[in-house]
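Here chain A shows up in two complexes: once beside chain B, once beside chain C.
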Partner chain A sequence: MTARRGRTAAARAGQYLALLGYLLFLLLPFLWLLSTAFKPPRELGSIDPTWIPHEPTLANFRATFDEQPLLRSAANSLAAAAGAAVLAVVVATPMAYVLARFRTRMARAATGWVVVSQAFPLVLVIIPLFLLLKAVHLVDSLGGLTLVYLVWSLPFALWMLTGYVRAVPAELEEAAAVDGAGRVRTLVSVTAPLLMPGIVATALFAFITAWNEFFFALVLLKSPEKQTMPVVLTHFLGAEGVADLGPLAAAALLATLPGLVLFAVIQRRITGGMLAGAVKH
Partner chain B sequence: MRRRTFLGAAASLGVAAAPVLAGCSGGGKASGSRRPLRFQSLAWQAESVRANKALVAEWNRLHPRSPVEYVQGAWPTVHDQLLTAFEGGEAPDIIHDASDDLADFAYGGHLADLTGLLPDRLTADIPEHSWRTGTFGGRVYGVPFLQEPRVLIANRKLLRAASGVRVPTPEDPWSWEEFRAAAKELSREGGGGGDRDGRRDRDTDGNGRRYGVAWPLKEPVSATLNLALSTGGRLFHRRADGRAEIRFDAADQVVPRTVHDQVNVDGSAARTTLGMGGSDTLPGFFAGRYAMVPLGFSYRQQIVQQAPEGFAWTVLPAPTGSAHAQGVSPQTLSIAADCPRKEEAMAFVAFLLRPANMVRLALGDWMLPTGTAALRDPRLRVRKYGWATGTALAGTLHAAPAQSVRGYPEWKDKIATPGLQEYYSGAIGLAELRGRLVEDGNLVLARYQR
Partner chain C sequence: MTLATAPRRSARRPAGAGPRRDRGVWFLVLPALIPILVLSVGPLLYGVSLAFTDAQSGRTEPTRWVGLLNFGDLLEDTLFWESFRIGLVWAVGVTVPQFFLALGLALLLNEKLRLRWPARALAIVPWAMPEVVVGIMWRLVYHPDAGVLNETLRGFGLGEGRDWLSGLATALPAVIVVGVWAGLPQTTVPLLAGLQNVPRELHEAAAMDGAGAWRRFRTVTWPALRPVALAITALNFIWNFNSFALVFVLTDGGPGGRTRLPMLFAYEEAFRYGQFGYAAAMGLAMVAVIAVLLAVYLAGRLRAGEDDR
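Right, the complex of A and B next:
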């Protein structure tokens, strides 16, 4: 009995160690970015780089804001990403419900198409998409970009949400119906609250995808005042991989913050949502 | 029927939503006003961006009826971005790029022929060999304005301490043999703990080894081809029928063989830097692990910013052979074929490239101007930071032979880059490299020349 308990403790310690190692693996690039963002140029050129800058400076942040319209680009990214996230859940939720609850041949085909669509490379669609958007005057428009992000994230959002809907027991809806609730009342009062973690997780996925997206924004937006953050980050790069490393690190650090903050704020809901999506009935 | 109605409704929704979404752009200019010409610049260093923006502002102040809007582009993405913009008919009016990126756009009809638009002053100011870099099929598609020779940045202390090494000058540069000998002389085997004066220093790697040279050859093709011009190597040759073909003759082999032997025979070049970019080698250079680093002229700015206090460095000309030349792909200014006001666009280009303005742009980018008048500016002829050495090399810079050849980018990416990387690391020999560059390479070119 004692030996068994010892084995269990050792296994648990091993798990924690593995988890710690994984966390460190994930954290290291971020910590390095943090460190680089506060280093003066001479420390960036040191053969013995240190984690903690000897003479930490805010000069890189000042240079970042002086040289590039970072705040404006962040606002543009935020508008496009938030718009895409909201639209994605608004559009995908009812569709996911239909796909999950009505298992017709059409629904199966739609699910298959969703999976296949994930394999399309961007370069395959960019020129037709550009021409299409130009025809409806949506090139160089944050609205057009938001629409593209919505379409791009929709298949995966739909796939995610379908899983979450399936995790909600149909018996609950049947019970509500027996109690006299109509279809809309059942969806609003019973299904939607149970789906909320999944909806939040899906919105977050759509937000992060759009926030980090680079190629569409590069090609579709021409006016400097509409450029998004990932596009502005490339302005710190020269030909053949040369970079203004300090300001680039400072800008990249600022670009990662909204995602981190968002995760921190709603991570409980996401965890709940993911677990709910993982349960099979 | 119900389904058709649903699809129809969805389509109607899309059409109805379009104007609403278009309204989000906020980009509609007041009808009747002339839209500014868009100038997409690839300036990226703070000083350079400032110089470009100041010149645009100056132009707009002087020419309120022909405004120009500054648009920031980026080097790593310019090709894809322009390609899509050209295909969609939404390209910037005035385009900043590099001459080796122009061939496909020029032959594809996306760029305006500038031949009849160029003012005489500008035509006369830029030398013929520079014009060749922006000329395709006998027509001028890009005005070359900034260029960058490859130079040797050397640790002055180590160079001075090596008594058997002659310090080269632009008038009397090293031959490739001298360079190889100097790199050997500047190298130091492992095990030693101090320098020639017996002091322990950091001029070595962890094993006490110092290399004469560090070749940052993450992208080996343009460096190899441009330096090969110094020995008369061209690699790309035009046949009588105008078609390009690849040859890898003795003259083409001098530079690759030197690098290969420095790494694999002499041990005077660091193997680890072969996979690095130029910036990656700087910390080791500052620490004295490498005595010399062949870099683009503009890297001096990074060295000035990052070098430790008291670090003494100097700019030396790249080694030369019989031809005393070096290939370059200058930065260029072009006008889009779709630009509605090409004369105005050219007037702006001519303004930007007035000698005094060209000097401002050159200083901002730490590069050399192509214009002869700008090159005479005293600020570009000071010894500080090696400006004088670079300016003295300007006359030796010529169009890289490969840049006007269609199919070169594919040959570069698919054949030459992996081939040269393997050869430099010692994985394959010269015969294997030759087979790949020439036989596989000519197959690639053939597809573009049918």
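Right, the complex of A and C next:
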């Protein structure tokens, strides 16, 4: 009995050790980024780097804005990401409703497309998109990028929203129908309010995805004043990989904040939706 | 026609039955379908057709159909084969450790441990970060002078440290570590979900019968987890094989092409040298590899679906 308890205690200790190791692996790079962002140039150049800056400074954050048009690029990112997020839920919600409530061939084809579209190398999509957008003068335009982000976020938006619609009992809609409400009225007055939290979570997720996106923005936006934040961040790296480390870290940190904050807000919902998807599909 | 006739999802229609008679819903699909067709399905088909042309950027003469010429050139392009090899090494090198780490972590986070909730919340951090930032962050970690890795190694007396991302031998392993780090959340979360679906009673019953931890995992946990595990591994492999931003920021394919993933190569061909047709052919060759994986994934899904019934 005691031997068994001893073994359980050892196993517990092992588990905590593993958890600690994982958290270190996860957090140390991030803490290093944080530390670097607050270091004065003298400490950055030091051959004996420290975790906690001796003389923490905000100078790097000021310098980022001098070195690159960070504010403008943040505004660009915000515009493209917010536009794509709003458009994505507006067009995806009705379709998700159909996917969840009706078994149609079209629905099945759409689900198939959702899976397949995730598998294609982006180069096969970006070249034709580039030519297409060029033909309608939407290359090097935030509007064009927003449209690309809209389509890019649709698979996941559809996936999440379909799950949320399924969570709304169809009986509620039937009850409203029995009471004489038409389809559209039922959708608007019964289903939509119950879906609202899911719609918001989906929109925020689409926003984060677009805010973080790099490849499309790199290819489609050429004018410096139109580039998004991830693209502008790479300018800090310089041609030969020689970088001003402090401002680079500060800018990287700033670019991460919106995503981290929003993710903290919707974390439970995202994992919930993912979980439902992963298990059901 | 009213919603009262809408089938509930529990009411499965017999196989072979046509779409529902309720045709009043098609207009609800259009707002999403139109952008999908115009900006996704269409370009994809166009992209495939470009692989059989000599399309170049900024050329005035019309694009010509060249049949399989691009693919012939690909076969003789040793740089392309090299990048393909690197892509496979990278995809396997990231996907496999990622899976085992994520499985261990999911099992851990499924236990009743203190710190479980903060750990679960933190587990998602890499997911919320732009890939560009992840790349920049790890460049700071790997930095030859100011990086924490070399500093730690020096602290343990393990030599002078090196320039990990510029070393011919160390660059690929160094970027693979970053790939594993960046992709852990999206592997862990579905596995954790799968674990939460394993009935606790089964575990307890097996424990009563004297089954040890390993046996319980093999006979109770793994069978329930397998469909999710298979799906997530196939998707991760595809996703990793296609990845771009992380390595673009870390090494831009260097040193000497040692980390030039297929997507980086295709990007250079298309947007640095303007070879649209050739780059599209590369993309199509990548699809061939991925198609095999996707078949495995779909087969797994199909089997998972049958298990449901």
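In this section, the second predicted complex is superposed on the first by the 218 of 281 C-alpha atoms of A that agree within 3 Å, B and C clash if a C-alpha of one lies under 4 Å from a C-alpha of the other, contacts with A are read in each partner's own complex, and residues count from 1 in each chain.
Note that a contact is a pair of C-beta atoms (placed from the backbone, for glycine too) under 8 Å apart; a residue touches a chain by one contact, two chains touch by 3 or more.
Fair warning: this is a prediction, and the values are worked out from it, not measured in the lab.
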item	value
Which of chain B and chain C A:Leu24 touches, first, second, both or neither	neither
Partner chain(s) touched by A:Val188 [first = chain B, second = chain C, both, neither]	neither
Contacts of A:Leu58 with chain B and chain C, given as first, second, both or neither	neither
Touching partner for A:Ile127 - first (chain B), second (chain C), both, neither	both
Touched partner set for A:Glu67, first chain B, second chain C, both or neither	first
Which superposed partner A:Phe102 touches (first chain B, second chain C, both, neither)	second
Which superposed partner A:Leu245 touches (first chain B, second chain C, both, neither)	both
Contacts of A:Ala10 with chain B and chain C, given as first, second, both or neither	neither
Which of chain B and chain C A:Thr234 touches, first, second, both or neither	both
Partner with the higher number of touched chain A residues, chain C or chain B	C
Interface residues of chain A shared between complexes with chain B and chain C	44-49, 126-127, 131, 147, 215, 219, 234, 236-237, 241, 243, 245
Touch list for chain A against partner chain B, complex	41-42, 44-49, 63, 66-68, 126-127, 130-131, 134, 136-144, 146-147, 215, 218-219, 222-224, 226-227, 231-232, 234-245
Contact footprint of chain C on chain A as seen in their complex	15-16, 18-19, 22-23, 25-30, 32-33, 36, 44-49, 51, 90-92, 94-95, 97-98, 100-106, 110, 113, 115-129, 131-132, 147-148, 150-151, 154, 158, 166, 170, 173-174, 176-178, 182-183, 186, 208, 211-215, 219, 229-230, 233-234, 236-237, 241, 243, 245, 248-249, 252-253, 255-256, 259-260, 262-264, 267, 270-271, 274-276, 278-279, 281
Chain A partner contacts - residues on chain C that touch it in the complex	1-4, 6-9, 12-13, 18-20, 22, 24-26, 28-29, 31-33, 35-36, 39-44, 46-48, 50, 55, 101, 104-105, 108, 111, 113, 115, 119, 121-133, 136-141, 143, 145-148, 151, 181, 184, 189-190, 192-194, 196-197, 228, 231-232, 235, 238-239, 241-242, 244-245, 248-249, 262-263, 266-267, 270-271, 276, 279-280, 282-284, 286-287, 290, 293-294, 297-298, 301
Complex interface listing, chain B residues touching chain A	15, 18-25, 27, 38, 42, 44-46, 49, 69-72, 74-77, 80-81, 84-85, 87-90, 92, 98, 202, 218-219, 277-279, 282-284, 286-287, 289, 296, 298-299, 302, 305-309
